[in-house]
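Per-chain residue numbering starts at 1, and chain names A, B, C, D, E and F are given in the order in which the chains are listed.
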Amino acid sequence: MGRMLLLEKAAGGQVEGYALIRRADVRTNVKGAEYMDLVLADTGGEIPAKLWDYRKEEHGEYSAGDVVKVRAQINLWKDAEQLKIEKIRYAAPGEADMAELVPCAPVDPVAAYAAILKTVSEFGDEDIRALTQSILTKNREKLLLYPAAVKLHHATRGGLAHHTLSVLRLAKAVAEAYPCLRRDLLYAGVILHDIGKLREMDADETGLADAYTAEGMLIGHICIGVIDVALAAKELGTPADKVLCLEHMLLAHHGQPEFGSPKYPMFPEAEVLSQLDMLDSRLYEMQAALEGVREGGFSERQWALDNRQLYRIPWEDKDGGN
Amino acid sequence: MGRMLLLEKAAGGQVEGYALIRRADVRTNVKGAEYMDLVLADTGGEIPAKLWDYRKEEHGEYSAGDVVKVRAQINLWKDAEQLKIEKIRYAAPGEADMAELVPCAPVDPVAAYAAILKTVSEFGDEDIRALTQSILTKNREKLLLYPAAVKLHHATRGGLAHHTLSVLRLAKAVAEAYPCLRRDLLYAGVILHDIGKLREMDADETGLADAYTAEGMLIGHICIGVIDVALAAKELGTPADKVLCLEHMLLAHHGQPEFGSPKYPMFPEAEVLSQLDMLDSRLYEMQAALEGVREGGFSERQWALDNRQLYRIPWEDKDGGN
Amino acid sequence: MGRMLLLEKAAGGQVEGYALIRRADVRTNVKGAEYMDLVLADTGGEIPAKLWDYRKEEHGEYSAGDVVKVRAQINLWKDAEQLKIEKIRYAAPGEADMAELVPCAPVDPVAAYAAILKTVSEFGDEDIRALTQSILTKNREKLLLYPAAVKLHHATRGGLAHHTLSVLRLAKAVAEAYPCLRRDLLYAGVILHDIGKLREMDADETGLADAYTAEGMLIGHICIGVIDVALAAKELGTPADKVLCLEHMLLAHHGQPEFGSPKYPMFPEAEVLSQLDMLDSRLYEMQAALEGVREGGFSERQWALDNRQLYRIPWEDKDGGN
Amino acid sequence: MGRMLLLEKAAGGQVEGYALIRRADVRTNVKGAEYMDLVLADTGGEIPAKLWDYRKEEHGEYSAGDVVKVRAQINLWKDAEQLKIEKIRYAAPGEADMAELVPCAPVDPVAAYAAILKTVSEFGDEDIRALTQSILTKNREKLLLYPAAVKLHHATRGGLAHHTLSVLRLAKAVAEAYPCLRRDLLYAGVILHDIGKLREMDADETGLADAYTAEGMLIGHICIGVIDVALAAKELGTPADKVLCLEHMLLAHHGQPEFGSPKYPMFPEAEVLSQLDMLDSRLYEMQAALEGVREGGFSERQWALDNRQLYRIPWEDKDGGN
Amino acid sequence: MGRMLLLEKAAGGQVEGYALIRRADVRTNVKGAEYMDLVLADTGGEIPAKLWDYRKEEHGEYSAGDVVKVRAQINLWKDAEQLKIEKIRYAAPGEADMAELVPCAPVDPVAAYAAILKTVSEFGDEDIRALTQSILTKNREKLLLYPAAVKLHHATRGGLAHHTLSVLRLAKAVAEAYPCLRRDLLYAGVILHDIGKLREMDADETGLADAYTAEGMLIGHICIGVIDVALAAKELGTPADKVLCLEHMLLAHHGQPEFGSPKYPMFPEAEVLSQLDMLDSRLYEMQAALEGVREGGFSERQWALDNRQLYRIPWEDKDGGN
Amino acid sequence: MGRMLLLEKAAGGQVEGYALIRRADVRTNVKGAEYMDLVLADTGGEIPAKLWDYRKEEHGEYSAGDVVKVRAQINLWKDAEQLKIEKIRYAAPGEADMAELVPCAPVDPVAAYAAILKTVSEFGDEDIRALTQSILTKNREKLLLYPAAVKLHHATRGGLAHHTLSVLRLAKAVAEAYPCLRRDLLYAGVILHDIGKLREMDADETGLADAYTAEGMLIGHICIGVIDVALAAKELGTPADKVLCLEHMLLAHHGQPEFGSPKYPMFPEAEVLSQLDMLDSRLYEMQAALEGVREGGFSERQWALDNRQLYRIPWEDKDGGN
């Protein structure tokens, strides 16, 4: 872990700016006075901090995951930096730049959401268009925020929208190559395939999720998504055969029973979704695993990749005009 | 295959009574006249039959699965019996005794349905009671009719109600032995566990099913049942945690992913349901496999039972007062 | 770990009562004098203890697993309680209440054994009755004591008799529901199914087992049980076909090769035994795993349950008159 | 099987044109004269044919797989058409339109080969370019001809080039979406991944293969390809690390040991190759399986697709401007 | 199937000699007279035979598996040879040369048995020697006769002794190479490893077995063998640790649970037995599979060898002085 | 870890002799002077050592794996022995007795290599002889040094030659017992089966390997060996069918896909190689696992042996004249 971005902006031993609270405990010193013992963090690193003479009524209550604005002195304690907080308050929604506080997807969620919605608006099949739009609209707020996983691939703020858009882009390339595929159905399946993750995980305002919900544990995002489609379809009166195909695509998108899909993909569009979902996830995880590996060296064993050790190709790339 | 029950009631070479049509084709004889070539059946056996001078307007149209009343002459053709039909018409609903026409479960579906409903009416938890009653009531007609499978265990008219009642009886015995189990939840899970089969298969009026529906193939009875519960719960406003537990019980009732359940049972009631469902199915199939095996002999290999060959115990049973 | 029951009965800083020795080492202090350094325990907790001026001839020799009566002072050492032993001796058999010293099954082993034996006495088939009685009688002493496992399900004093009785009760309920089952054979199989565990583990007088015997490791309780039946049958001259069926029930009671049974259950009674054995074990382990889990929360992953995390249902149970 | 294309061009009961010999036997009639009994075929169907008064010296020798030009009379024998051959000779290479005689890939092999070669010529890395060109050039003749499989996906004349080009097109789309991928390496891997099939199967001039070679059976196309790369690299002096990466891509392209790859893909380019190879094969097989299935119906179980039955989507596609 | 050896010895259209009855039915001709319709066989082939004017009292009763001496006329019926029996009687034990009637192991069972017994007599450990001798002696008669399997490897008269001796020879070679192995234990395990097959199969006097016994089906030769050792050891009072090791060797000799051994081999001698047993069986089956395959060709798929197709090496062997 | 052999030869608190450097770091003391901090080792144990006043130009540079000659004083520091180095230099090749410095195979690699080469020289088939000789000769130096594994079986200096010779000895015993086996082919396969390990691992002069090479990770010794044979065969012009059989033996020698062999052994010689390779490896690992286990006790679980715990047989061996 490196040094917090916040500290880089220090002036005269004093910092002022935004931070994510990683841990916050109220303690009592030997004189019986309460103080707050915190760890603050941003994407650069983390630092211990103290708020002496803590008074709940005056300073407010804080816990892990909160985003705050602080003003503080940088002190040294046992050879390490520590903050002495002078002022602290909650950051208003939108006030802090979340990209500096938590790992964020490399695409802007608002733009990603818009791009996805635009694709839906071009569907020729009104039933599928209406159903997809309805679910997207209902879940807009979470879609701008949620990661694609608690751990593993795309575990970043906005990671779900990022992953969805990546798979959609691949799907368009494949549909180009195989004209027999039904585009509306394929794209709708891609766009909705992980919608159940919005109820499977419980992400806070940082856009990261610490744990699964009870629903996520007991039902799982695959079947939650199927239920979401069924409920929306009932509301809209979507024709049964179209609902059925969409439900199947969600149900089968992990490809086989031992990966969580009770049914194998049974038509080409479902197969394409399943494979592209895996392709995007694998490439994401492989690149993450290779970060920091020296050229010609191997990564640690990757549990999520059948225990593979990944190789960093050593020679210089000379890709030409390809 | 033995001799039809219908033939046993013949008088003066003539029969009159009810039969199930197994096959019905309209053909043209060498003179260009149409006749109908049928196979009629009841639980005793089957017989070929001819309806000469067939006229659609007069005789009506028939196909496999129809229940008819016929009057006919018994002829011999190539050393085998054959019927020459004199009169044929559809049997009115309830007119024929289905127990003579198709294999029926050994319990009366109406009584089974009533016994199940009575158990539900005694639930202390109103939410679970209302939800279970609502689904049972909506599906009453099919529940009086449906088999539990296309092939395999309980593939009989009324087999689903029979299987449900058997598992319910076992569940009551287990709940007796383990008081920590929640009875309402356990019984509700048992009663609804196969409800998705009413949409997975397409049984006709005989109460037997030839094939799976598209929904059955693409979604499967496990997830169909979960969707059914979700839709009913939305209508009734059932509290989320109770719906969740019931959905989980249906989802997990095959015990593990490779048997079609994306989740393992995660609380004791779900585990009990899963195991008793298997116990009842296995005993049914074992008894079926042992039919006709000599004492001390072995059955054929049973595909649905891990290729086991079953043994018929040879010595005389002397169970005492146990 | 909580506080020893023994300490709760302290009077004037002095305790007197029974304890289990968890660890006992003879050490030498700086002056060259020997003392005994012990850890004493009962079901409430454990405590370090010292026996100064230890003399083997006077005090006797002690080791882990011994049950002793002690009189001691409660001292504080480094902020923690410690016992200074004044008097120590072996407890006579039956003198101490084992239920206060080690985790015990919730049923009295003597009563459990009697109930099992009564069921056997009611068998109509004299061969099976004699064989079962002979094996039970020969192993009475161990059956009153042994746990059902080194770790995992029913690892309590008397746990084996407890487990056997639980499965027997389930078997009676199932036999009620399926009259075609042979009761004598089923019950005999249930009663003897884990008899091999008496040689697979090496339980001491506490009724707990630390490890497997060489026989347990190299042969396993399944085949040991089969051998026990074969030897007893030879002595009694039991008819071959009955021996064969009983041996098969023991051999097949883990259900399939990867769980240790070289044969799948090949008749209904063997199948019922196998499934009820698993049902009772699973429920025991699930309840153990759920102990201490908050409502609506999940347990740790359970290795013995396919890594499941178990869910504690959060709402209040309102089971009615069911 | 339908009617031969050749017969559609008949004039006055006489046909003249090209055919594939499916079977050819020399027989002796009752008078002791030899005649040739053949079955001729093209992509439309097949027909029995007789060449009476067969004389080896005059007519030449023929066997299954030969392409011939024939002139013949159409006769009826036992209500079926049959040819009486008047003239027969071998077709010169290139004389017959193979597309009418055997199932051909939908892309022209010459064009496919040229497109592949053009991609290679644009590689920026001279080592990889030279190695890939060398192998392609050495195998040009077979690459214009070979199917991708004995049975299963792309079992058509020119099917290997077709499959290679399809995967290459997908690879270009993926490389577009993930700029971190090394294009030269990825494309070289794609182009060479099935090169071992040219020695694994023994295709005749029709471009179809009846069986595997001994080399194919004992070594398999995966390792044959690796050996081919190693031999070519030795000749050209390709740097060791580049050879290694290419060899690994071939070795790992079936993704995992149970599918024939002793190593899992260990860098992103190898993973992409493996997944796109599977995607193209699966889509090919799914479309083949769905041929002739009615809308809303299911195909037979597909052995090569985990026994899935494929569903033909019933509603009319209205893909818009996507 | 070729021509019976019996027919090769015909003189003047008449044969006399020994045959195995493969099938024997008493039938009634149109005139109401009984005759016997048989199929006779030896290792050369089989032939239909008739015994006209059959009288039970005079000719005796016959059934499949009986060895008989016959005198008969060779007739032609529908272009095929058939025997008209003139005289028939049972062959006395030892009268016929079984090697001409059924496939026999290539070693003489009496010699094999003697060689095995000699090895035992040289054991230095008296306990193991006595135990092994006792079991061998008790089963001598069957050991001279039994095949090693119903189907598959060593399914020949005397095949069990043959297989045992082969593995013993290999074990001696391995013991030579690894002096740390205990020879007495290893050889005793080898000699007894398949002893349970004598009760698993039911071979008749021909030394071939058509089917498994009920004991074989329900218990299997592995556990039967363990029981046999346990019973013999009890009789002889063999020390417990030696019995345990021998029992373990039998129990573990299939190597792993999915092949029928509930325990993996847990000491080197058990591992050696398990591997040599497999080596001898595999080589036997491979040689059988390769019989009749052309040089450079492949056998059919071998179910018992993981569906492998075996290759017949085509070049001429020039093994030198090795 | 015990005491170094070097220390046993100490005289007057001074030692002189050879050691392996396990760790060597140059550090700076509080006065700014450089010293070298080492750990020295031989097969007896290891010891920390200091070289004060270290000067690179004078003393040379050292790192882990180097073999050195040292003269040093034995000091005590914090109750433990430590060396103060007075003189240090590299040992010349062959100067030190490696058998005292690293675990060595129990056979002399030079003798083992010679024995292997002698077997090859006796091959009757010149093609196989030339090919095998060529590969052996090219790799002589490494073959005298390399272990058979990084960890696991035969991870000793010269372990590969040792393992090869052991399997060869077994192969000769098996060839004796099954004369139908082709000896030249079998022995050549045995001799070359692990040749790829010379490129899979990177052993230093000690004859031990710390890690796999990139080639080892990405291709693996099985396919590396196949490539080696293919390259050598091309150079020598070995007939294709013989190369094919040898390549197959190497490719299949792990027996099945999940153990790294893409093909099952498809002729008897390949099967024998595969089984004997496993037998020798297993026995080696079992003996290693049993080292230090008490009689009648069990080893730790062995990951490389399916998690088995191995049993040390307790009774005294009395092998007789066998």
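A few points about this structure:
Here is the rule we use: a contact is a pair of C-beta atoms (placed from the backbone, for glycine too) under 8 Å apart; a residue touches a chain by one contact, two chains touch by 3 or more.
These figures come from a predicted structure and were not determined experimentally.
Comparing the CA-atom centres of all chains against that of subunit E, the greatest distance is found for A.
Between the interfaces B-E and D-F, more contacting C-beta pairs are found at D-F. Chain centres here are Cα averages; for subunit A and subunit B they lie 47 Å apart.
One finds 66 Å separating the Cα centroids of subunit A and subunit E.
Subunit A and subunit D have centres, each the mean of its CA atoms, that are 44 Å apart.
With touch defined as above, residues shared between interfaces to two or more other chains in subunit E number as follows: 214, 217-218, 241, 245, 248, 266, 296, 298, 309, 311.
Chains touching one another, given as pairs, are A-B, A-C, A-D, A-F, B-C, B-D, B-E, C-E, C-F, D-E, D-F, E-F.
For subunit B in complex with subunit C, the touching residues are 119, 122-125, 166, 169-170, 172-178, 180, 182-185, 187, 239, 241-242, 245, 248, 256, 264-268, 271-272, 275-276, 278-279, 282-283, 286-287, 290, 296, 298, 305-306, 308-315, 317-322. Against subunit D, in their complex, subunit B makes its touches with residues 214, 217-218. Chain contact summary for the complex, subunit C toward subunit A: residues 296, 298, 309, 311.
Within the complex formed with subunit A, the residues of subunit B that make contact are 214-215, 217-220, 222-223, 226-227, 230-231, 234, 241, 244-245, 247-248, 251, 257-258, 260-263, 266.
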